[in-house]
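A, B, C, D, E, F, G and H are the chain letters, set down in written order, and residue numbers restart from 1 in every chain.
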Amino acid sequence: MKKVLKDFKAGKVDLKEVLERIRSLPYKDLDFAKIDNHRAIRKGFPETVFCGGKTVLQIIKIIEEMSKKNHNILATKADGRIFTAVKKIYPNAEYNEPAKTIVIRKEKQKTKKGKILVITAGTSDIPVAEEAVVTAEIMGNKVEKVYDVGVAGVHRLFDIKDKIFDANVIIVVAGMEGALASIVGGLASRPVIAVPTSVGYGASFKGIAPLLTMMNSCAEGVVVVNIDNGFGAGYFASLINR
Amino acid sequence: MKKVLKDFKAGKVDLKEVLERIRSLPYKDLDFAKIDNHRAIRKGFPETVFCGGKTVLQIIKIIEEMSKKNHNILATKADGRIFTAVKKIYPNAEYNEPAKTIVIRKEKQKTKKGKILVITAGTSDIPVAEEAVVTAEIMGNKVEKVYDVGVAGVHRLFDIKDKIFDANVIIVVAGMEGALASIVGGLASRPVIAVPTSVGYGASFKGIAPLLTMMNSCAEGVVVVNIDNGFGAGYFASLINR
Amino acid sequence: MKKVLKDFKAGKVDLKEVLERIRSLPYKDLDFAKIDNHRAIRKGFPETVFCGGKTVLQIIKIIEEMSKKNHNILATKADGRIFTAVKKIYPNAEYNEPAKTIVIRKEKQKTKKGKILVITAGTSDIPVAEEAVVTAEIMGNKVEKVYDVGVAGVHRLFDIKDKIFDANVIIVVAGMEGALASIVGGLASRPVIAVPTSVGYGASFKGIAPLLTMMNSCAEGVVVVNIDNGFGAGYFASLINR
Amino acid sequence: MKKVLKDFKAGKVDLKEVLERIRSLPYKDLDFAKIDNHRAIRKGFPETVFCGGKTVLQIIKIIEEMSKKNHNILATKADGRIFTAVKKIYPNAEYNEPAKTIVIRKEKQKTKKGKILVITAGTSDIPVAEEAVVTAEIMGNKVEKVYDVGVAGVHRLFDIKDKIFDANVIIVVAGMEGALASIVGGLASRPVIAVPTSVGYGASFKGIAPLLTMMNSCAEGVVVVNIDNGFGAGYFASLINR
Amino acid sequence: MKKVLKDFKAGKVDLKEVLERIRSLPYKDLDFAKIDNHRAIRKGFPETVFCGGKTVLQIIKIIEEMSKKNHNILATKADGRIFTAVKKIYPNAEYNEPAKTIVIRKEKQKTKKGKILVITAGTSDIPVAEEAVVTAEIMGNKVEKVYDVGVAGVHRLFDIKDKIFDANVIIVVAGMEGALASIVGGLASRPVIAVPTSVGYGASFKGIAPLLTMMNSCAEGVVVVNIDNGFGAGYFASLINR
Amino acid sequence: MKKVLKDFKAGKVDLKEVLERIRSLPYKDLDFAKIDNHRAIRKGFPETVFCGGKTVLQIIKIIEEMSKKNHNILATKADGRIFTAVKKIYPNAEYNEPAKTIVIRKEKQKTKKGKILVITAGTSDIPVAEEAVVTAEIMGNKVEKVYDVGVAGVHRLFDIKDKIFDANVIIVVAGMEGALASIVGGLASRPVIAVPTSVGYGASFKGIAPLLTMMNSCAEGVVVVNIDNGFGAGYFASLINR
Amino acid sequence: MKKVLKDFKAGKVDLKEVLERIRSLPYKDLDFAKIDNHRAIRKGFPETVFCGGKTVLQIIKIIEEMSKKNHNILATKADGRIFTAVKKIYPNAEYNEPAKTIVIRKEKQKTKKGKILVITAGTSDIPVAEEAVVTAEIMGNKVEKVYDVGVAGVHRLFDIKDKIFDANVIIVVAGMEGALASIVGGLASRPVIAVPTSVGYGASFKGIAPLLTMMNSCAEGVVVVNIDNGFGAGYFASLINR
Amino acid sequence: MKKVLKDFKAGKVDLKEVLERIRSLPYKDLDFAKIDNHRAIRKGFPETVFCGGKTVLQIIKIIEEMSKKNHNILATKADGRIFTAVKKIYPNAEYNEPAKTIVIRKEKQKTKKGKILVITAGTSDIPVAEEAVVTAEIMGNKVEKVYDVGVAGVHRLFDIKDKIFDANVIIVVAGMEGALASIVGGLASRPVIAVPTSVGYGASFKGIAPLLTMMNSCAEGVVVVNIDNGFGAGYFASLINR
């Protein structure tokens, strides 16, 4: 920005152009959506397409715009119908069915040294966990996963103690009562990202019960993302992984 | 009841008396309160005085009525002011300050064989736990207590594994996120009674967070009583202890 | 555990094997699920398959793993499609349609002396009650059931007074306002397990109304499990039945 | 109204006066409050002063304005400080301390034939019940009251069966879980007005639990008023009593 | 009851028979449902079949049992599929499609003198209102209905002022914000029964918004029934209509 | 009104007619709906048909009645099926598919001077925004729209700063966390109408999260309408636009 | 801004100064608070001091900073203790006790033509209404107020019909059930700003009930501000008043 | 652990001692509290004393036990009364009054390279922010703080853009609507920890509004801790700072 201002002072660019350039840089306007090209620079990653509430046509157009740059693309909450449409145009698009993610690889990320460990309390939490896994991997992280660790059988958890101590960041995905986050948080010396899921029935209220459990965790070093937000957890884990 | 009916048929009692007797048996009417003498027979325990929302005068009158029978008396949620008033009339009344319970002993309960273990997650959960302890003891149970077991430091819990295996019934008292109940439930082979407490801040919402956690516990063999209801937990534990 | 340590000291097993053995004992890892064989020893019952949120393939694989041991198997929240798949492989699998449970019997449980009484407030609460009945029976309990006892017509309840006095444990299943639990709790001298159901409309809020009613029950000796959690009630009842 | 229009046509009053008279008729404007004198005609009762959130001065002024007519006056939610101030000016003002009501009698109501029965579940519900009693009595009803009927001891309820059958309208006041309304509703053949109270602790949530219980009552013939709204129940009971 | 006891004393009936008779009187046990024949006597109306959550077969069996007595039958929340099944067996069954009610007339009710007025705020509230209308009519009441009165156009309300003054009981059915109940309550001198409906969108939360509005109505003489509970309103209105 | 009264005095109309005329003036009664013709005069716009919860037949009849006057007609929450039916009768009916609105133009509105700016946070908020746009345009406003402005990329917002300063009224439509309203409110010097949408997942709770955000906006000059209520926002914006 | 850039280009200011000037312009940093001087230009009004949660010292310092400019100052939610401290330094400070507002006048606002009408449902809503009145007046508006209009007595409302038609903007302040906003909205042809208040008891839940009522208002032209936010209503009303 | 096992095998320690040693290692049991000395090793920090719900005596005893090791001690939610008691025994104890924290320094932490930036939305959020600052500093972090950044005046935020880009971790503390977290999240390329505060009034519901806002943040890289949990945010920030 300072450079632009200096150029401007040096007479290399005029006032109108200064304003223009600032404006045109960061994103591309598709009328119904604005593609934030700047983000790849700012955050080391292009804007993700959240497919919920968008038409297939809108999604395709957004991906087409994104493809002009050479960044990896990640689409979340994408059902099979969307993947079929994307696959036709981008044959190398990869689909993770439980995670409902589409990945189009355009560049090779340098792999980070630290490992991210993704743990689920139950089998039903796997889809949300997989969204976190896909996100973390496309951002250049080594990911290890251990599913159905439970709380009811705490001894299962102790078998993975070494993995907990090895990991640089830990993501805990749990529905029902979500107690797993507190216990892992108590064992771990590294940051824990808790993801409540809408798995459960009765008084779990579509994820409110595990969300509250996790918010109130008496273990330090535990933070929380939105219900079912595997993407957010994977993204944040990547941000703090070295 | 059949006996009364047979006496009635045999002409030993008249119709009016039959109805009268049925009526007079089970309780004593104090106008503002009805003392349920029958309960001591039905449940092995006199009706407890829940002091919340009652005037000191009402409480004294209720205890006076209860004292005519030879059963132990338990008053819960009794502040110091109430105890002072009761103590004047019943010098042998005992006060447990954190628990806010008054006990007046009139008979010796036979001690049961099984042991009830009362565990708290934190130091602040102790008052509710003590209410459970007092209740269980007055009902003739051996009670062992372990406080501030936490979840954040799971290794603390493992030190009391033997106590968990020894106990016949376990009461888990926890505020904040209430995850302790699930973990104990996963370890124990005996029934667990979970008591959410209103301890905590922020999104614990005066006990809603641990209540939901406990309701959704994925460990079998866990049931829940009302927030801060130490009495209910101690009572139920006594019912199922042998 | 002490035995293993002694063997280790005696040189019968080496350090690595000690750690290994501890680890391999308690469960079998299916990658997406961990089968807790240990539980049958710990609790007298194999881990139940909660079918909600699992694929048919996952359920089949879990049951296959479980079948290697000689314990009874119980699958809950299993729809007809799941039963059809299971039946093909385990022809002796039994289906309880309203309860949505599958049972595969592999061993004969010794029948306990005490009787468990299962009561529903309405006709619509029967499916949840049946889940409790199936669970309690497979765990070796005599179960008696009385459905549609209501509260609106209290005289119905009084006709089953004898059954209430006979039972060793009572399960009350009720939706709408859930008042039945309090009334049965007031009559009974034995423990009452209350199961709120999501039956009702308007301000019953999918089971919140009866859940709150039951949590606040002014009758002692009443505990609560999660909304629609018939399994949990049957399991707990079995734990405390003699 | 028709009379005014006819007078107007007959030239006895002019257009401005017609509009004026309509306006001046129904109430007296105190600037900060409007006294609805019309109500005594419309409903057989003057507007009640709800003292919550009003200054003592405002309350005195409202009562002074009301006193110009010859109707009885009822002030609700009036603490001792307010009564002291009112008493100075209206020496015949009567205070019901638990109910927190002030009554100033100016006319004798004709007593209605039917009886209103007011029942409470516990001792702590008495203040709300008394508000209902005072309201119903000042409106000319015979009121019978039975307090602390409970639900935990259903036999207590059966002792008052005759009173339930005798009453023309029944008011049930209950906190905690509020189940009493359903049971009385099931027994009674006359209308039942349920008043949830904020008595209780833990998950009773200041009256939400009994409110939901009562809303979902499976007994027909039960309607609900606001939490702690003894006045509303007494008023409605009087409206439907004959 | 006294009669039975006297007969028993006179030796006309033996002890077993006394108990038997009491039992057999009030209802018929269908195993999955208990038909409360007594109610027709107690309340002047047979038990209504609430069809929600019941199978068609269960409903048919309940109606068959009810048909043995000579009372009118009312089924609520009955979809078209249920009516088709009922119609085959009871050709005189009448269906009110918006109300989802089935009526089978077996006796002629004496018509009461007072009129019940049913008002809706909007067009979408009509189904709930019709349930109230059907209920009130089968119980022998004259019913007048005015739909879509609204609040936004208060002048519409004033056109029906005469109807409001004429009616003996008024039922107000409203979703959205439910303000109509307060306004009608302010105009009327007769009791108003408010029925919140789940009509609306956004922050009406399936009827919670109008429910709260009605609970907090500052107009005296307004009581509330459950969300969408047209039947309850019609039933209660009939109870208090003369 | 004064005129009618004068005519009445002059003997031109009789008493009955006076009352009659007052009544017949403002609306047309369709039995299931009351068409408020008066509104076009009062508010410069005919009553809108809210199609939710109405049958196609009812909607057609309402539109037919409205068509007798010469005002524009707007139907909201109209699905394709409804439009097909309306189109057959009113070939000039226009459909906005995402907005689910039908417009039938009968008169030309004078265009106002001020501009209304409609901004959405995301692509998924467009349907609600379009409802606001259609409403504002049919009421004679110039509308400018900018979609997918986001909050995550605040620089996008700064590109539209000039549009924000140009607009006379601003409508902000946002789901998820709804923060956009506060930011626009902080930038703008003109009134901002915030519309929370039910777009989002997890803890957005169908619009509660953005609703609360907007209610608590610390920026002055921000008011809120109901969740997804694009119509209400467009209507209010038109009211205050000059 | 363009001017600064041009000066910069012309060499009149250097780069550092450009950045400095931008920074220093809009507000003054007090370390614990930032005074937004720019606002008086942007919105025609200085930033208001919201006293909630601030120490007296902080408030004084903020006011001192603000006083350097010649704009009027408004402090809201200021208790008597705060006013005493402010009065010592600014003797012309005016206090509105029910509203808890402090006003320090420094300039004379030009009075706008349109009138703002402030209506309350009850006497207890007056403090919130007064906050709106003070805010609107200091911003140069003519304000008319009518308090305790109620809903229970709708005829009171009709007496102020002319005032409703005269006003350019209407503010409706109501607690309890908040229905007044809908009714005024239905009568008025000008915009209505609804302010829910925390006045009420029981199920009004500190303002949630009237908030929901107002959000769901079926009257067009009604928008809502936060509970008890009289300031917000007065501010917005002033923005749209001409 | 392996060492202990080897010693055991080598006969250096007996079986009882093995079990004993494992037990005695990680914490010191105070009966009412367990001091987790192990934590300083595991997490680089001793267990913090959360003073809420603990007596002064308990707190003193806990600190005394902790003091035996040479780690820094942090007490949170400590009111002045607690500090006075602690100060007497530990004269070097430091008190941060708004933060309500006590710090006793025993060792010098190595300062980390990265900077933690703590931002508040308003002046009233400062106490929670200070708790985060104290926590982060005692854990060896450089902390920069900017308070009262607001959202209403977004230009204030842009002045601190450089600080946002400089920081390695950012903590955003905000009450009211909590929108600041999203905006900072959108600007920053480093992780953002959002802390909702209970500051606000009306519909902010003691922190629920900002909590939901932050949970639903559409900006990636934002995680949330409990309401008012400044400590948790500071702790987590330190964990991920380098």
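One rule holds for everything that comes next: a contact is a pair of C-beta atoms (placed from the backbone, for glycine too) under 8 Å apart; a residue touches a chain by one contact, two chains touch by 3 or more.
Small disclaimer: the values here were computed from a predicted structure and weren't measured.
S.K.: Quick one: compare the interface residues of chain F with those of chain H and tell me same or different, with half as the dividing line.
M.R.: same
S.K.: Out of A-C, B-H or A-B, which pair touches the same way F-H does, with over half the contact pairs the same?
M.R.: Comparing residue numbers across A-C, B-H or A-B, the repeat of F-H turns out to be A-B.
S.K.: Taking each chain's centre as its mean C-alpha position, how far apart are chain E and chain H in Å?
M.R.: 58
S.K.: Please compute the C-alpha centroid of chain D, do the same for chain G, then give the distance between them in whole Å.
M.R.: Result: the chain centres lie 37 Å from each other.
S.K.: Would you kindly tell me how far, in whole Å, the mean C-alpha position of chain F lies from that of chain D?
M.R.: It comes to 41 Å between the two C-alpha centres.
S.K.: Where does chain H touch two or more other chains at once, residue-wise?
M.R.: Residues 122, 150, 152-153, 202-204, 208, 211, 215-217, 220, 226-227 of chain H touch two or more partner chains.
S.K.: In their complex, what parts of chain A are in touch with chain B?
M.R.: Touching chain B: residues 121-122, 150-154, 176-179, 182-183, 185-187, 200, 202-205, 208-210, 212-220 of chain A.
S.K.: For the complex, give me every residue of chain C touching chain B.
M.R.: Chain C residues touching chain B: 42-44, 48, 189-191, 193, 211, 215-217, 220-227, 231-232, 235-236, 239-240, 242.
S.K.: Where on chain F is chain E touching in the complex?
M.R.: Chain F reaches chain E through residues 23, 26-27, 30-34, 36, 38-39, 52-54, 58, 77, 196, 198, 207-208, 211, 226-229.
S.K.: So in the complex, the part of chain C that touches chain E is made up of which residues?
M.R.: Within the complex, chain C contacts chain E at residues 122-124, 126, 147-150, 152-153, 155-156, 159, 199, 201-204.
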